[in-house]
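First chain A sits with chain B, and in the next complex the same chain sits with chain C.
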Partner chain A sequence: MAPLAQTELSEKVRPPQVNLRRYRWVRNGVLAWLTMVLAGAFLLKIPRLRILEHTARNLYFHVPMWFAMMAAFAVAGYHAAGFLRSGRRARDVRAVAAARVGTLFGLVGIVTGMVWARFTWYQSSGLWWNFDPKQTMAAAQLLIFGAYFVLRSALGGQPEKRGRVSAVYLLFAVAVMPFLLYVLPRQMQSLHPGAEGNPAFSEITHPIMRVIFYPSVAGFIGLFWVLYTQRVRAAALEMRSVVRGS
Partner chain B sequence: MKSKDATSFYARVADWVAGAWAVFQKDLRLELRSRYALSTLLLFVLAVTLVVLFGIGDAPLTSEIETTLLWVVVLFAAALGLGRAFVYEEEQGTVLLLRLHTRPSMVYAGKLLFNVLLIGVLTGVTAGAFWLMLGLEVGAPGLLGAVLALGALGLAGATTLLGALIARASAGGGALLTVLLFPLLTPLLVSVVSASQKALAGVAFGAAREELLTLVGFAGVTITASVLLFDYVWEG
Partner chain C sequence: MTIHVLRPQQADTSGSSTPYDSVWAGEENGARASTQQQPPQQGALERTMLSQDKIYVVLAVVLLIWLGVAALIFRTDRRLTALERRLDDTS
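Right, the complex of A and B next:
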């Protein structure tokens, strides 16, 4: 009876089968792609605008971070829903891994935004942080991720309950998120493009910058994917070694 | 055959409504017996209003600060009081009985109704206290009433599900609900504060259309998501 239970347990946490050759191709491809994006981002000539000057190059890094974070959030929500339906622990592991990597991209997005704002919008006042709706809503978004991890740590000892409760919270956050990122920032005064009274991104971005911007978005989403799949396999291996050791 | 289906459908709906109403009535009766939640929250609101008064003295306040203070007080009161609905069931050990006798959606509907009532009374009292003690000048009372009602609905919609979550994760205690709740309520707070400012300034309903629509949308989204997700929290 006992051996059966043990095989069942290790069955649940078996690391996903990976074709290592294909994985290395994808990883190296993403790294080569990002290297080219970086070279292009710093070397290509861009139009010089007053105040903005060369800081415009931050477009290639600041904005793709949010795309990568949204992709991470979507993946986390997808696997949270999958966990609620199937109850398989592997789905829970995937949701957490995506949320962790998404938080990282969100933090980098906030920091790149702060630096950019400090030397353009707030150049004269020397502020690092001022009320801008998008900025504040992005911070709230990161607080939601933080709350998700706090909730998980509060339920540390009971993996089944922890997975279920945190998955429900994550999906609830997914439902509220459009208000944070799309509804409210468009109703309020903001210095970001696309807000009330501002021209949209598509109207003010020079074609030469799009040559780098779109590949950069794809590259950082690819980077998210590489980091996320790595974390999933590491977590699954760790869980299996815990099961073996006990 | 068809009529039989129809009657059974109506019977099921009537059954569901009766179940939800029974949960609501049970909570209401328990509350009226002890008046614990209501009196705690009312005293909390009055105490905070007095602290605000002490801090401000007779310095004049802008309507931005007045409305922000009003909603921050309501928000903290909600975080304190609304989590109780489910924690109470866990403490009393009545969860199993409820699970046995009612379907999850009935429990959710009953608790939501009770929370809407509680937070509605609370919001009204807080606004009244601010009006009386801070000398709030309300230009459009009808609009303010609508904003308060919609705000209370959205607040209850988000808090009821999270209260059920917290009851499962009892180790976290009171601070956990605050941490989980506040980032999710940012959109509600932003629209409700801006709409209240407009109500104080005395604009027509049409001028606050965007905020009111956002509030309706927020309440709708949170309640729909809660209905879909509640089964997973309640069962198992």
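Right, the complex of A and C next:
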């Protein structure tokens, strides 16, 4: 980073800084790690269950999407709070980047869940979508985050106001997440594991599947971090070029 | 250039002419049947890829896609680094 130009900028509009050495180490580790997870997800023998059959392996891919989304939105909320406290533009940029990548993981999660449900829960009825509570609440959560981006683009002309208003909205959006994804679906009848007070995972999953599942969750959260940091770097470049150009 | 005419290796002659009438019996039931219909000249690659309900074929496809995604991440990083260098140099 160039010291002269940076110090001239005020604290509040300084672009976000990324530790490139650490980023490269984590990126390479995450990519190698996820390659191993993919191999293990297909190679490891799993118990053959009725209805589920080989689709039980979706546990390694579908569920980590949601964990990655929740991690992403937690990071987004953290930086939104940080922006409200400090007023630094860099925190706003980080919150947006995390929310964007989180929404991507959520969309992938809901689509993979639809495909999985179509050929297990709804195998005989042929339905792609039946407003199962868990799915509906997840869709509502994604719509709440979709509104965050609509809100931001609506306030595009006023960066200060956009940062403050959208950060407050983001805090609310993150705060409702545990209720929409955990509390409410457990109060209702749902086909999704984890309904009606059951654990979603702990007792019904064979131990052998945890060998891949937990590393997969860690790997996809790492993938979130890689994509998020890429976006932060791109946004930092954008901020620097705007400052130089004006 | 010679174009080789490909003929099915007398695989599914047990069924009639319509497609989808040969029922895949799954790993446990079909293990016996699939070893019978394998032609004797199969190499190690084919023996591996066709075993376990051909799941290794899916693994190969997924790994290829994943390598593509990883390559994309690397290339994006290189472009970002180049831009960062250029801004550092000119500022």
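Just so we're on the same page, the second predicted complex is superposed on the first by the 221 of 246 C-alpha atoms of A that agree within 3 Å, B and C clash if a C-alpha of one lies under 4 Å from a C-alpha of the other, contacts with A are read in each partner's own complex, and residues count from 1 in each chain.
Definition applied: contacts are C-beta pairs under 8 Å (C-beta built on N, C-alpha and C of every residue); 3 or more make two chains touch, one makes a residue touch a chain.
In this text the structure is predicted, and so the values were computed from the model without any measurement.
Applying the stated contact rule after C-alpha superposition, one finds that A:154 touches chain B and leaves chain C untouched. Residue contacts after overlaying the shared chain place A:233 against chain C, while chain B stays out of touching range. Contact with chain B, but none with chain C, is seen for A:179 once the two complexes are overlaid on the shared chain. Using the contact criterion defined above for the overlaid structures, shared-chain residue A:54 touches chain C, although it does not reach chain B. In the superposition on chain A, contact of A:108 is made with neither chain B nor chain C. Look at A:42: by the touch rule set out above, it reaches chain C but stays clear of chain B. Between chain B and chain C, more residues of chain A are touched by B. Of the two partner chains, neither chain B nor chain C is touched by A:99. Across the complex, chain C meets chain A through its residues 27-28, 53, 55-56, 58-59, 62-63, 66, 70, 73, 76-77, 80-81, 83-84, 87-88, 90-91. Against chain A, the residues of chain B that register as touching in their complex are 158, 161-162, 165, 168-169, 171-172, 176, 179-180, 182-184, 186-187, 190-191, 210-211, 214, 217-218, 221-222, 224-226, 229, 232-233, 236. Across the interface of their complex, chain C is touched by residues 1-2, 4-5, 20, 24, 27, 31, 34-35, 38-39, 42-43, 48, 54, 226-227, 230, 233-234, 237, 240-241, 244 of chain A. Here chain A touches chain B in the complex through residues 84, 133, 136-137, 140-141, 143-144, 146-147, 150-151, 154-155, 160-161, 164-165, 167-169, 171-173, 175-176, 179-180, 183-184, 187-188, going by the rule given at the top.
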